[in-house]
Each structure stands twice: as structure tokens, then as C-alpha cells.
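Each chain carries a letter (A, B, C and D) given by its place in the written order, and its residues are counted from 1.
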Amino acid sequence: MLRQSGRKWIGLLPSALALATSSPALADGAAYPAALPAEPMPAVAHLPAAWPKSWVLIHDFNFNSIVDGRVVVVDTASANQPLKGIVRAAQFGNALLSVKRGEILTAETFYSRLTRGTRTDAITFWNLTDLKPTGEVVLPGGKRQQSVTYPQLFQFTNDEKWALVANFTPAQSVSVVDLDGRAVLGEIDLPGCSQIYPTGTRGFSSFCADGSLFSVALDATGKVARSGTIRRVQDIDQQALFSTPAWVGRTAWFVGQRGVLQGFDFSGDLAKMIPGAFTVGTAAGAIPEWRPSGWQVINADAAGHLYVLMNPAGKEGSHKDGGTEVWVFDTAKKVRTARIALKAQSIAVAVTREDIPHLVLARADGVIDVYDAVSGAFVRSLGATVAYNPVTITPVP
Amino acid sequence: MAGMDTFAERLTRTIARGTSRRSLLAKLGLGMTGAAAFPVLPVARAATHPEGPAHQTVTSGTIQDPGDRTTCDYWRYCAIDGFLCTCCGGAVNQCPPGTEMSPITWIGTCTNPADNRAYIISYNDCCGTSSCGQCLCNRNEGDRPQVRTQSNNDYNWCLGTGSSVYNCSTAVIVGVALDHPR
Amino acid sequence: MLRQSGRKWIGLLPSALALATSSPALADGAAYPAALPAEPMPAVAHLPAAWPKSWVLIHDFNFNSIVDGRVVVVDTASANQPLKGIVRAAQFGNALLSVKRGEILTAETFYSRLTRGTRTDAITFWNLTDLKPTGEVVLPGGKRQQSVTYPQLFQFTNDEKWALVANFTPAQSVSVVDLDGRAVLGEIDLPGCSQIYPTGTRGFSSFCADGSLFSVALDATGKVARSGTIRRVQDIDQQALFSTPAWVGRTAWFVGQRGVLQGFDFSGDLAKMIPGAFTVGTAAGAIPEWRPSGWQVINADAAGHLYVLMNPAGKEGSHKDGGTEVWVFDTAKKVRTARIALKAQSIAVAVTREDIPHLVLARADGVIDVYDAVSGAFVRSLGATVAYNPVTITPVP
Amino acid sequence: MAGMDTFAERLTRTIARGTSRRSLLAKLGLGMTGAAAFPVLPVARAATHPEGPAHQTVTSGTIQDPGDRTTCDYWRYCAIDGFLCTCCGGAVNQCPPGTEMSPITWIGTCTNPADNRAYIISYNDCCGTSSCGQCLCNRNEGDRPQVRTQSNNDYNWCLGTGSSVYNCSTAVIVGVALDHPR
């Protein structure tokens, strides 16, 4: 019924074979006497052992398939090939970058049938040079906290030999994990307190619902050696501190929803509040007022300047909308030193550790923009080419 | 006050429903904790599919509950964070088929522009099916950082359910906080 | 340092409690004397036991997270709430709808760590009324064929008591599964042949790479009872048949890449070619010519008319671009009876079994459009509100 | 002919690399089978993120291999189907870090507009990491239905790899089919 060629096809593309057996001729005269060479395979790109300072990790929350969250390795200096690789961060996963360990760690949740079945929480270790997994530690109890990405749900302590994992069932606790021993050492109950700020040699602090800050020092086996509380470190009703701070060494600078800037010293066994809070101040052009706004709303450069995403339409409920300017602060002089106008509303800010530092901004539309951190000049846009929903940015230290 | 009675009554019933949850709450010393859904960010108000027409209107059919339940501006959504179940096979107060409604959740207070009452809204998540992907919405009136558990909408509240995989969020009236708040 | 309210917050939202203890008053006079009632919870929507004929299953391939593919239940008669529910179809999954069985079946692949680890292939059973899983059959060997969604990779036979699953490693075979017994009966080797067309009482046919059609009749234990081959049923070079046909009872109508329409009778133990192939014909307005194009490119209504997606820029390589018109054919008279102009280029076409049948078109931009199948008039658009990447459409039979 | 020799030599080496694959091929009676990647559909040529600027140009640096490797129009992509590895941390002929290149794949024939030669292109998939999501591209010159296995690009060719999860597709030159096909 149908036309039938009758030709046997075995092996290669018949058309290629047919062509190959006809008489070849030089292409376009003598312009290209030699053909392009065959290329080696298999071939998989590797990353440098020491990642350039222009590189950052960007967390891609992937709203449309949260089970398939990921972290992407991005070269902010590359306008045309910024995406260097993808590491899995499944189901509200968290990630840590350790140059010292030469690896990325992810804390994730899996179900045996994607959305149902047996739940497994685990930490996975990924090599920085090939982004391949080298092992895992299973976290018992199915209690790992799942939230929109907060860095403080998965943190190092004990000189990056241990990791701390936040749990929420909604009972709150922190699991202590020996990374090299691939073992869970124990669990610290944390009723009424949330998130993890590494503190001292071996320990952490957490903010509590009564406005206090609770610190725990751990012994060599991961048990509580000492603890302490500072009362009234924040007014959650009127001036709640954004959870994610800007780190300057072991000092963390927090910004409040109405613009207070407050430092905490986490270098000792127990956290200390740094005297001399100040505010982001005011400026013209706001309706009704400038307030910090975004997801990763504050960050710091190597010199300790603070960069805060600011929104001119500040009001109750505006604190996650994102900012149209970055304001820069000198924490020693307690003054604003610059205002940087952004090309578009942005929700996360970070500063690279390059010799000439750059601001990296994640926009609500997924675009990543790069600015000169000193002059504030726009440098380049990476486009929306690295992540579906970029929410946090971690520069190579 | 009748509204408040209803709310208190429902709260009691809600807590009574889950034994394991009750013990958790006892441990926390809290009557009701947590957060509705999660997501965040200004993308929330953008269409997930910018190429296509937006969702068409879904209303209550009663003028006392005005507004389009497929839009982020609907009055009950004043503190929601996630995909609107109205667009996902459920309703403003119902989970889609195949999902399980989270037994406890975050409670917000939103003012109904028609009757000017402040209602207590329960933002129960629907769990066990992957991201709905439709009508992402985030509003943060009264939202506070995670330290105040019951006032933060970044948690995945698919807890106490067979699966913690998040599908969408509801906005259920559980009572009246105030008959005339203004 | 910070302002501190000092107020204890225990239990409910403090603001709500504070408000609730103040003196209430009637709202806006007597307009609304009663508050809106409290609503019951927990509450989960159910679906009717008999799904309306306006409903379809749409496969969402979810390119951006293929591991999280799904099938969506869609009411094409609802302009504002077309999405009725979502069923998992993970990692190049396939789905089957059975009204008789009262369930959807999915054939899927899972990894223990989402993207890595132990692979499990399984068939899962989902109730039509609540879309909840009721069980599964694990498929051994990790060989389930993964492709962009083709209905012919997962099919019923034996009056919907068995399912057939295509395997590809790239060795080709078909697994026979007893659905009620929740057991794999066996595996039929199928070297050089692909996809599954249910045939006779208990069997299937497959097209083979030499242009033939191979049929297998199975015995009551799932073993080969009888087989046969029809040679030269298609010219794969010049007039390859699109894999997915339009079913009219047990007759399948295929369209070729250059427009031939060829029927096969799959009602007997061995397939038969139906004499009298004809072509879609030609029409003005094409550069260079009209050809079938799309993913699910041909379908049929209850009366047996064929609907073919046609592209006016037909040429080698254009066969998956989608169509701008639907051409309608009467297979008895072998004539084109109508041309329906579409609002937008579409890649999949289906026809509902409603009393007044509707054409359902999936567009490349994710929008679903509905037309009157008889008049060709545009009826409504559902918008891009049900799936990220709709690729196939299955009407309720 | 030199090009054809190279291709034949590579083909032999490629087949020799994998024992299990070899036995599969023997079973099939085929020298090399399969399909590059998969995806499909006209969305392929649309930006995955319509809101943002498109990818910026990536070129070979040699005028004998012209075109932007981040666009679907690049000459080597005449029969590709999937996310372009050039946009995913890899290159036109390299998989991204963390993935594994599929050991066997579909071979297409594309004409280089600069030197007017028809090259044999191997569309090896990169596997073990989820969908890259960047630069989705589908072209179907020479594509045939799945019945002709080695001429169909709808298969997921992440076979013989540790994981069948698909990330992106390469387009590797393995030889010359014809020096002057026109």
C-alpha cells in the first residue's frame, strides 16, 4: 500500500553512509583544506581545584518542582557561560560550601516514590572539582526542617568538622553530625528557638520566640557543655530582625524590619550583643518610607561594609518584596556611605571576595545582575540563565 | 463574640484531632504554632505562565465574601504563601483530590472588605502531591521571622501528614476575631 | 538596645487575641448581621465516580524537572477551574486511564536519592474518585523505556486485566503485568520492534525497523501463543507513520509524515492492514506544502472522523513543529470534510466524547484551547493553567 | 575519506569501550543505535525564561566552525533534542561537571556552512543530574519515529550510565561523512 524503499538499514544512518560513499571534493576551494578534527569522548568538564573568587553558589528553590531543588555554581564574571554546574538540593534542601573540605554538602529529603513512600533525610558530600557525590550521612527521624531556603538551617561548627542541622516537627531541635566520621553524634532540644548561628569553637546560638538569644557550647562528643541566654535582644513585633545576617568574621550584622542594624559577636562560647545599634536612616523618594526588603536582604564585603536591599514602599508586610536600591554602611562610623540604584527589584544580595569586589543581585524574575561594589556601577547581567528561582547567594570565600 | 466562640471551639476541636500533634504542642507550650505554607518573593504575584491568559475569575457567589479567589488580592490571602488551591483542583477551603490537608497550621487575621469583620483564617497546606505550579501568591501582613514560629509563612507546614511534599495552600475561615476592627 | 515589647505571646496570634477582647460592633450597620460561617476542615475535594465526558487527562512532561512529570485531570468545559487534580508520572512516566477499573495507572521510574542511587520501576494504581494510590507492582530489571511521552509505551490488553510495558536498554522487549494479581507474568523479547498496539483478545503488535508490523497473541499465562508479521507496511524513509494513531474502536488510523492515511485492524489475533490508504491532500496557502505536524498529531471522534494537525511549512524535519489547522477526514468516503483554523500553533489534538464533541488542542506555549468539533468554532481557552508542558491528551471514553 | 576513516575508527573504539553495550548491540544486530536526547516541540526554540535576556554568544573561536553554540540554529544541532550543554556548565562536546556522558548515542549528519562538509555528529546525553533547564532545543532533520531506533531523538539516551536522569545534550564531531555534499 505504502511506498517501500526495500533498502536494508543496518548500523549507521543510511543517509550518512550513502553520502560517505559518494565522491568527496574539496569544500569551497582551498579555503579549508582540512576538516574539523574529531573530538574526544567521553568528555566531562571539570572545575578548578581552587574556585575563582568571582564564583558564587546560588540556591535555586525551584518552586514549580520543589522536590527537584538545586544549587548552581555560577561564575559572575562570565557574561556568556555563567552556569558552571548543578548540584542536587532536593525537597527544601540546604547546602554548605567548604573550600577547606574541598566540597559542597547538601542536607536533603527524599521519598522512595518521589512524593510518597519512605522518607529519608541525608547529608550528601559533593567534590568541588567534579561535583560528584562521595558519600552520605543518613539523618534519622524524618525531622529535618523544611522551609524556603534559609542558610541557618544547615551550618558548620568545630572548624568545619561537624555540621548542625535544624529540625522542625514542629518540635525544634538541632542534630550534631560528625562529617568525617559520617555519624550523627546527637540532638540538642531547642524548644521555642530557631535557626543556627555557629558560635565559639564548637557550638551555636539560636533566636527564641520570647525575644532572647540562646547559646550552646558543645563538648568533644557533641553534648551540651555550657549554655546561656541573653534576654530581649529583639522586639519581634515592631523591629523583628531578618533571620539571615551579614557575616564579618565571627560577627553577624542583622537588620530589623524597620531598619535597625544590630551586631552580635559569635566568637566566644556564648554570643554577645555588640553595643551601639544604629539604623539605615531615611531618604527622600519613598512612599511611605524606605525599609529593608527581600530574602537575603543584608550582606558584607571583606572590609566589613554592610549592603542592605532597600524598598521605598516600606510598610507592614513589605519585608519580602525586594529592594530597588542597595544602601552601604560603615559599621565603625555608623553611617551610610553610599546608595546604589538597581536596574530591577532584587531579592538577594551578596558581595564577592575578588580584589575588586562585585555585588551580585538575584532578581525576582530570575535574572542575576552584577555591579561594582565600590562605585555601584552596573557591570553586567547574567540574564535568567542559571536558576529558575534564585533565592540565596554564597560567594567563594 | 459568637465568632470568637466558634473560633475557640474549632481550635479545641482541631487540637483534639491529633494525638501526636497534641504532644508536640504540649512540648512547645503553645496552643497552636507554625506557618501556612511557605514560598515567598515578588514572583508570587506574577503569572507562572506569562505567555498564556491569566486564570479566569472564581468567586464565592455571595456578596458578603467578595473577590476573585484565583488572584493574590483576595481578602483571605492577606498572609498566605504558596500555590492557591482554588487553581489546583481544590477550593479556597478544600485541598485538591489526592492530597492530604495538614492537620495544624498557621492562623492569620484578615479583614473582609464587605462586612468589615476581621476573620481568623487558617492556611492549611495540602500535601503528598508535587508543586501545583498555578497561582503562586505571597503576602506577608503580620508575617514575622521563623523565630516566631506561628507568625512565619516560610515553613513547609506539611507536617503530621503522610508525606511532606507540598502541593498548595488553602485559606479557611475558622472564626471571627473582631466584628468591626476599624 | 532594641525596643522590646516585653509582652508574652503564647498560643494564638497576639493581635487576633487582642482584637477579639475589644468590644465588637455590628459591621456597616445591618447590612451583614451575621458573620460568614466557619468552614469545615480538614476538607479534601473528591471527584465524581463517573467522570464527565468533558474531562480529559493531559500529560505534563515537565521539561524543567523531568523527574517530576505528572498527569493532570482537566475539565475542558470549565473556563475558570479546569484543573481538577494532579497525579504523579515521574521520570519519563506513562499513564493509563481506565473507567472500567475506576483508576489511573502510572508506569514510572524512581531513584532512591532523586537523581542517583537505587533505581525502581513500578506501576502505581490511583483511584479515580480521590486520586490516591492503592498499590503498586514493581517492574524488575530497571529497563522501562524512557522517552518523551508516547501512549504506546504502556497499554492495556486482556480486557484491561493486564498491562504491557515497553522496555528499552536499548534491547527492546515488552513486560506483561497481571494488574489484579499485582504480578509481572513475563517478558516478550522484541528485537528491532518498538511501541505497543493492543491486538485481539490478549496480545499486541509493534512496528519493526525493517518496515514490517509484528503481532503477538498471548496465552492465559502471558506467554507467546502465536505471532505473525506483515512485511512492508510503511516506508520509513519517505512516509514514516507517526507512532501515535487515532483509535476508532479496534481500528487505528495512522498518518504518515507526508500525509498518507493508513488504517490497521487490531481486532483479531494478528493485525491486518486495511486496504485503501488515502492522503490528507493539498491546499493553497502553504510554503512549501501542508504536512502533518505535532506530537499527538492525529485523533478521532466517536463517529470515526479523523482530525489531523497540519503545518503549512512542511518539509524534512518539520514533523514535530505543530499545526495551525486541523483537517477533518471521512475514512469511508476518503475525503477531507473540513479545515479548522486554529488560534495558535498546536502540538496535540484530541476529541471529547460529549454529545456535542469538542476538539481539545494543546499549544506549544502550554495553553489549552477548546473548539466545537463539528463547526470548528473556537469555544474557549483554558489558558496555560493546567500543565507546564502538555504533550498528550486522553479524553474520558 | 580521511574523515570517514576517522569516523569508522572512532565507531570501533566507541563500541569497544563497553562490554555490556556491545552485547546489547550484538543482540540488536546493529552497529550503533539509539537517539540523542529526547525532548521535542516548538517550545524548544523559545527562551526558557522569557522574562530575562537571552544567553549571550558562545563561539568556537575559529571561522571554520561558525555560529553561536547557545542557539538552536548552530549547525551541529541539526537533529538535537534537549538542553544544550553549552548553557549548562559543559560545552558543545563536553558534559557538565557532576554528570556522566552516555556511552552510546544517536549519530546525526549536519552540514557545516563554513567548509561545506557534512559532519557526523554524536549527540551524547549527560546523565545523573536533573534537567538543566537552559537552552532547550529541538531540531528534527532526519528524525524518524521510534521504530527506527537510531534515527529517533525522543528516547532518553541516558542508558548504560549510573543514573538515567537526563541533564543536557552534547553535539560532538566524530568524523566527516562527505567533504562536499552539495
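Keep this in mind: a residue touches a chain if its C-beta (ideal position, glycine included) is under 8 Å from a C-beta of that chain, and two chains touch if they have at least 3 such contacts.
Note that the structure is predicted; figures quoted are calculated from it, not measured.
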Report task. Among all other chains, pick the one whose mean CA position is farthest from the mean CA position of subunit A. Result -> C
Query raised in the report: Between chain pairs B-C and A-B, which one is joined by a greater number of C-beta pairs in contact?
Result: B-C
Query raised in the report: Just curious, how far off is subunit D from subunit B if you go by their C-alpha centres, in Å?
Result: 47
Query raised in the report: So what's the Cα centroid distance for subunit B and subunit C, whole Å?
Result: 32
Query raised in the report: So, what's the distance in Å between the C-alpha centres of subunit B and subunit A?
Result: 28
Report task. Starting from the mean Cα coordinates of subunit A and subunit C, work out the distance between those two points in Å. Result -> 38
Requested in this report: Indicate the residues of subunit A shared as contacts by at least two other chains.
Outcome: 9, 64-65, 67-68, 88, 91, 114-116, 209, 234, 236-237, 365-366, 388
**Report entry** For subunit B, residues contacting two or more additional chains
**Finding:** 29, 48, 51, 129-131, 133, 142, 148, 151
Query - subunit C-facing residues of subunit A, complex - result: 1-9, 14, 62, 64-65, 67-68, 88, 90-91, 108, 110, 112-116, 120, 122, 124, 133, 136, 209-211, 232-239, 256, 260, 262, 273, 275, 277, 388
Query raised in the report: Which bits of subunit A are touching subunit D when the two form their complex?
Result: 9-13, 15-16, 19-20, 22, 24-28, 31-32, 35-47, 68, 70, 73, 79-81, 83-88, 126, 129-132, 365-367, 381, 383-386, 388
Query raised in the report: Which of the residues in subunit C end up touching subunit D in this complex?
Result: 61, 63-67, 91-92, 109, 111, 114-116, 119, 142, 145-148, 150, 168-172, 191-195, 207-209, 234, 236-237, 240-243, 295, 316-322, 345, 347, 364-366, 389, 391
Report task. Would you tell me which residues of subunit D are touching subunit A in their complex? Result -> 1-4, 6-7, 10-11, 14, 29-32, 48-49, 51-58, 64-65, 70, 86-91, 93-101, 103, 107-109, 112, 114-120, 122, 124, 126, 129-134, 142, 148, 150-151, 167, 170, 172-181
Query - Touching residues on subunit D, where the partner in the complex is subunit C - result: 24, 27-29, 33-34, 38-43, 46, 48, 78-79, 104, 128-131, 133, 136, 138-149, 151, 154-156, 158-159, 162-166
